[in-house]
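Per-chain residue numbering starts at 1, and chain names A, B, C, D and E are given in the order in which the chains are listed.
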Amino acid sequence: MAEEVKASWSKGEEIVRMLLEKAPYAEGTVRRERRLEFKVPADRIVDFLRTAKANGFELLLQITAVDWLKEGEIELVYQLFSISHGTHAMVKTRLPRDEARISTVMDIYPVAETYERDAHEFFKVTFEGNPKLEMPWILEDEDREVGVSHRKDFDMLGYVKRKYKLLDRFDEDKENYVI
Amino acid sequence: MNELLIIIFAPLLGGVLAWALNVRGIRELLGVAGAAVPLAYLVKLYSELDASGQLSHSIDFAGFTFSFSLTHLTWVFAMIAGVVGLASTIAMVSTSRDGYEWLFALMSLTGAYGVFLSFDLLGFFIFWELMTVGSFMMVLKYSRSAGLKYFVLSVVGAFAMFLAIAKIYALSGSFAFPDVANAVYYAMGRGDLALVFGLFLVAFGVKAGMFPLHVWAPDAYSETNQSYTAMFSGVLSKTGVYGFILIYMLIGYRLMVEFGAFRSAPKFGYIIAFLGGLTIIVGGLLAALQEDIRKLFAYSSISQIGYILVAFGVGTSLSIEAGIYHAISHALFKGLFFLIVATIIYRTGKTTFADMGGLAEKMPFTFAMAFVAILSLAGIPPMAGFVSKWLIFEAVISQNLPILGGMVFFGSAIGFVYLIRFTYAVWFGQRPTDLDDTKDAPLPLAVAMAILAIPNIVFGIAPGLVVKELNKIFGGEIVTSPTLWELNLGFGRYNGLLILVWLIVGLLIAAVIYFLGAPVRKVPVTDTYQSGNPVTMEYNLTIRRNFFLPLKEALAFWLRISFDKLYRDIGAWVEDFAEVMRNYVYNGNVQSYAWYLALILLILAMWGV
Amino acid sequence: MIETALKALFILLYATFVGFMFMGIIRIVTARIHRRVGPPIYQPILDTIKLLSKKSNITHGLIYDFGILYAVGATILAVMFIPLGSIGVLRAYGDLILITFLLEIPMLGIMFAAMSSGNPYAGIGAQRALLTLLAIQVPLGFAIVALAEFYGTFSTYEIVMAQQTMGWSIFHFPLLLAAIAYDLVLQAMFGKEPFDIMIAPGEISLGPMVEFGGKHMGLLQIQHAIALFAETLFFANIFLGGGVVTAFSSSILNTIAGLAVLLVKQVAVLLIATFMGAIFPRFTIDQAAKFYWKWPTIIAALGAVLASL
Amino acid sequence: MVTQEELIREARENGMELLPLEKDTYELFFGPQHMATENYSLILKMDGHRVVKAIANPGFLHRGFEKLAEYRPWHTNIALLLRICVPEPDVPEAIYSMAVDELMGWEVPERAQWIRTTVLEMARVSAYLFWMMGLSFKLGVYTAGQWAAAYRERFMALFEELTGARVYHIYTIPGGVRRDIPGDKWLRQLRDTVEYIKDKLKDFDNLVFENYITYRRLEGIGVMDKKFALNEGVTGPNLRATGVPYDVRRADPYLLYPELDFEVPVLKEGDALARALVRRFEFEQDLYILEQLLDMGPPSGPYKVDHPSLKALPRFRVPAGDAFAHVEATKGDFGAYVVSDGGNKPYRVQIRGPSIAHGIRVIEQLLVGARLADVPVILMSLDNCPPDIDR
Amino acid sequence: MVDWRLYEPLINFARKRSMWIVAFCTGCGGIEMPPLMTSRYDLERFGMMPNPAPRMADLFLITGYVTPKTLKRIIITYEMQPDPKYVLAHGSCPLNGGIYWDAYNAIKHLDKYIPVDVAIAGCMPRPEAVMDGIKKIMDLIETGKADGWKRYKENYEYYKKNQDELFGEGWREKTARRWIPWLMGREKKREEE
């Protein structure tokens, strides 16, 4: 229901066109006022972010990893914000699920080091060039060895029952319980 | 009365024999005997001295008459040299490596005895030089640069003294102290007087380590066999201090008359006192910033000498007596400290604070001795250090000298500060694993430390013993001490025994409360508060380096001024000047030499010779 | 002998009890400034009983315990020297310099104990405490020098007697300067706000005290109480004229009146420190050192020079 | 605990380096059990009293919100997600509800927008008071800290009356708010509270912000220039203290902010003092905004969208798609990215707390070379909220 | 050696009226600690004072849920406290995991790891509820029944078994040595490599 774009945002169109000239491999749309969306192939993400940073997108707010189990892909959403243009932009890339490798964007946005460590810890996406990937982050060593992650195929309830050995009230198998 | 000669030359004789025989067992025995004989004679002569007041003896040698005398004053200083010298030689039994060290250590001890006992300037100067040579050779053995720096400054001091003696001899025609005193008092001009005082100030200032001339002391004290340093800083610096008393005895009265007084302290004395005050502060603050255990105590001994100089500078008989008392207590606790440093280096082989830590459990006896020395140096009431500092405070402040009083007060806190830095880095904290099998002090060092520790406590609780002797020097009852434990100055009273008794009472009360509580369990060093996180031995839990970084930053402006750099620059400048001379004047071609010859002949001709 | 023992016992009990009351007053006054009710006045006594009655205690070695015993012992020794109205066991020997030193020595004992625990927080706390001591020594020295030169004597008892005739010390200008400098120094000796860097709870979790628990902390509370009493008593004696009352006939009444006068003066000194402590943030250690070496030193030096004229 | 002797024997047998490993510097754990850090750990490598190297060690409050959110229906997540940031829990509620509104394509009614803006502003003011209390305790002015906590209690009482709970309100739901305002008496109380705190400001100025010692403690410490801040993803008052006028309420306006006039204070120095003063001026602006809102008065009309699916919440479905919404919290730019696959549970929820940028790389670089006394002050001037990092 | 039973009532009164709280807000309930300590609710009336050093503290407030990483620090802090020590668990999370009943990183039952004396209801209990819990602890101390620390000392093996089961054997050294390669600059791992 969010398809029909309200009064088309001319300023956004103009930004998207300016970026697409510089990065032909990407395609971009204006979601709504002050919300842009770009799709970029995985190997070109560094160049696209470099051009984006050059053209006024100063802040990298977050690198979100979304695990599309059915398509067998992990989608990385680089959420940028431009103070000069006053707009938010989502740059989406798709990685294969089993061994997700992408190069780091640390040299463009240094803060990406923390976001990449987070994504690596919970979604097992390896970012080449990030020195602190192996550094202890949030999970303890015991959980890391077991392979705790936020991917869809991680059976959290099973792991919780094994780890804390107390949750007897889970024995009755409620499939779609509703609280 | 050739006992005086025996006292003076016994150590040298022992040293030469030890050097000659150079057999492990006998060498030590001879060395210790060489140091013990003079002490025994001094004790024997005490009764005669008490009776006659002065024992003198003179010999003629190579056309000059050398006279020696033992008065109450010189007896006190000789006893310092005797006790500290004996303790140091006993300690050298375990730390000295070969006969070389025994020879020169005992040679410097002979020099010290000679300086104290000689009654004429020539003998004084010769024994002064003998002492300097002995100590220089001890330092040279360990490090050339430290030895060189010490030698250059000592030579400057020696020349200054030589010029002063020459000037006096030209005036008075004889070296004996009484004639010198009369000659200076009656016949010395105002300008010459000032020159002689300046030269003596430089000469004795170098040896005592006064503020601008102290740069040699840290390197010399640390770059030598540490048990010898106990004698080096304990006894040899006292010769410099004795020199200042000589200034008072010989030319002091005339200076007082000539230059008048500055608010009840003689002008020339105020100069010495002010330089002494600066020495306290500079020595203390630099001591707190040191990273090497030997350097810390070297600077601290300079700072303590500053106290004595302040006391002498004030000039009243009470303050000079306080100065001598502090000279005694300083020799005792400084000698003890250097023996402790010798033990630590002997057992662990480490000298910087970063490598040490947690030795209190492993070396309990040495730590007990260190605890006594710390209480004494920091000036904690029941110890000798406090009594002498208290006397100096009373003497200085009662003479209406606020600036000096403030400096002296500040000095006591500085002593407190660098001692705790030493204790924290060496005795407490986390022990590096390579120090875990350190044993306690060997027997000779332990005996030596005991010798120096006992008088520290005894002179603190019963100051009357020392004060009785010191009053004899000045004749009158300057510091009345009704009982053995009490001192009364009229405007201030001190009672060592009472303080000790009430301290024990306080400790007992605290101990009673302590033992009423539940029993305690020992906890390893790693079971400590690290805001909840577990810690293992890999982590360093002690601030080993840069402990006083905030102080270093607060004093950053003052630390840029360094006399050491000044002297090094002067040295470099002299070198460049010599370089220039070599290139242009002695350039080696005969032709220019001929020109010089002609030039000089011309000048002589014009002069009409 | 028995008479001095009884007097000493009385002084000790009185000092400890009043010291605890002082700590209670500080906590209540600070609470009222914070617009809250605050604990009862006997709270420090309850804290000490609870700490002493702990069932398990830890130790890091012999010196860890001996340091604290030494601190308490030295404080008890200091209290005995300061004249307390007409009672005073060692009053005759109460020498200005001796008492000033004795009031600093408990710091040595606590430092020894804290450092032997081998904890980095205790190390930093000790570093700060030592530098604070170094900083306060200059104005303290000049203040004591000013006093000694103005009255020409070092014995506290004689100074108290002199003040009966010449009026309180703070009425003479040089000694007023010395009193101001000494009061700033007291702020650091009590460990109150602008200068409580050594036990900064927010930064280094109570610095040297971090490893003390159970009866060690209980002993330190007693030491702190007696130290509070001793420092305020010393200030009251040398600057505010001490408590010598001869109005009544019987000596018992005189001593009680003397103690009461002293108590009032001590509480006054305490309140000044508490009020100043409640409204100031905390200096860092080098700022505190620079501060102490600037204003209080100038004031005290001026006082000393004027006193010596 | 492994005893010391075993360690030494082990070190000697394996012929390894003798412990401790590095003697020139020592390690200090500014860990969770410390008054300066709530439950967030810093490992400092110190030399003397200066920090040589700092490593942030978050993760003490990690409950895996993003994973848990995928197991709960849409409306239950409000009760879960608001537990991320404890000092101002209304912000996660607001951004989650705004994102779901965007997905549903709802237009929140006027009254609901007014209430949401008021609740957000009240949350900002109480969070600033909480920050002022923290700064005062770290600096040592316990009096100002106590007073700030007391005044914050007034807002807690107002929230209690409005939403039924002191801290966790669970009040803003997709489509509007859960309950209406409890009448005019509440509005009068809110106005009195705002007036009361407005004239208490000068007490805080005298005690903390114009105090000589505070200037000495905060000036020139933890300095950050504009380029460093933008590279490190710094947002909120910390960014405005370096000269970048970026405020989400102006840059990406939401709710009633376009109609409210308030200025965005910006300073240039970028040190701890600038950050403190920016927060101090913003606190004043928020009070001014609350006054404007009260003068405007709540518009009449429904307080939430009347939509059939709101009746049976467990079967509330959101069309497929993704949305991003962010709000200006006191700590910085608080964003939420919600992805839905059309089911009755969200497919993916990502909360972007501002402290994930301030608390890791920024603090590690600002602390290098700082004195130990400045570490808590820098931490407090950045106003980190550790649960943002761990989620 | 001295028999203190005569003074037990006084000592219990002192222990009751001067509990020092460890300054460690482990969970979300930590935000209710400042209002308790400051002007509005003011626990100092009962002599309670936040204290950063665990060696001096008696009362340990577990304010809300506990993650394994925090539990390690809680156990270390708990063991550093001198003996008569009491634990007050806030809210439902320490009892059965509360709202995080299915979270992999939240402890489900705190009593398995450290003994809990009093538990308070409320998902982040209100300050009044915390004061009620403290009143309950005071009564327990008064009657001498607050014996959490005795239970910990007597069946220490039970608690140690649970802890090691959750964290693995020798977890203290592992947690401590985890930071050495990153902190000591040298990429040196201990005997594993």
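The rule is short, and it goes like this: a contact is a pair of C-beta atoms (placed from the backbone, for glycine too) under 8 Å apart; a residue touches a chain by one contact, two chains touch by 3 or more.
What you see is a predicted model, and the numbers here were worked out from it, not measured in a lab.
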| item | value |
| --- | --- |
| Chain labels contacting subunit A and also subunit E | D |
| Remotest chain, subunit A as reference, centres from CA atoms | B |
| Pair exhibiting more inter-chain C-beta contacts, B-C or C-D | B-C |
| Centroid comparison with subunit D (C-alpha atoms), farthest chain | B |
| Central chain of the complex, centres being mean CA coordinates | C |
| Length of the line joining the C-alpha centres of subunit B and subunit E, rounded to whole Å | 57 |
| Distance from the mean Cα position of subunit E to that of subunit D, given in whole angstrom | 26 |
| Centroid spacing, where centroids are CA-atom means, of subunit A and subunit C in whole angstrom | 62 |
| Centre-to-centre distance between subunit E and subunit C (centres being mean Cα positions), rounded to whole Å | 36 |
| Residues of subunit B touching at least two other chains | 430, 516, 518, 525, 527, 529-533, 535-536, 538-539, 541-543, 547-548, 550 |
| Subunit A: positions in contact with at least two other chains | 136, 139-140, 156 |
| Subunit E residues counted as touching two or more neighbouring chains | 23-24, 38-39, 52-55, 69, 73, 77, 83, 102-105, 172-173, 179-180, 182, 184, 190 |
| Touch relationships between chains, expressed as pairs | A-D, A-E, B-C, B-D, B-E, C-D, C-E, D-E |
| Contact footprint of subunit C on subunit E as seen in their complex | 4, 10-11, 13-15, 17-18, 20, 23, 38-39, 42, 44-47, 51-53, 55-56, 58, 81-84 |
| Residues on subunit D engaged by subunit A in the complex (per definition of touch) | 57-59, 62, 64, 66-67, 70-73, 76, 102-105, 230-233, 235, 244, 246, 251-252, 314, 319, 321-324, 326, 333, 335, 337, 339, 347-348, 350, 352, 356-357, 360-361, 389-390 |
| Subunit E-facing residues of subunit A, complex | 135-136, 139-143, 148, 156-157, 159-160, 163-167 |
| Contacting residues of subunit D [partner subunit E, same complex] | 1-2, 14, 16, 21-22, 27, 31-35, 38-39, 43, 45, 53, 55, 57, 59-64, 67-68, 71, 79-80, 83, 86-87, 130, 133, 145-147, 149-150, 152-153, 156, 166-168, 387 |
| Complex interface listing, subunit E residues touching subunit D | 22-28, 30-32, 34-35, 37-40, 50, 52, 54, 65, 67, 69-70, 73, 77, 99-100, 102-106, 123-124, 126, 170, 172-173, 179-180, 182-185, 190-191 |
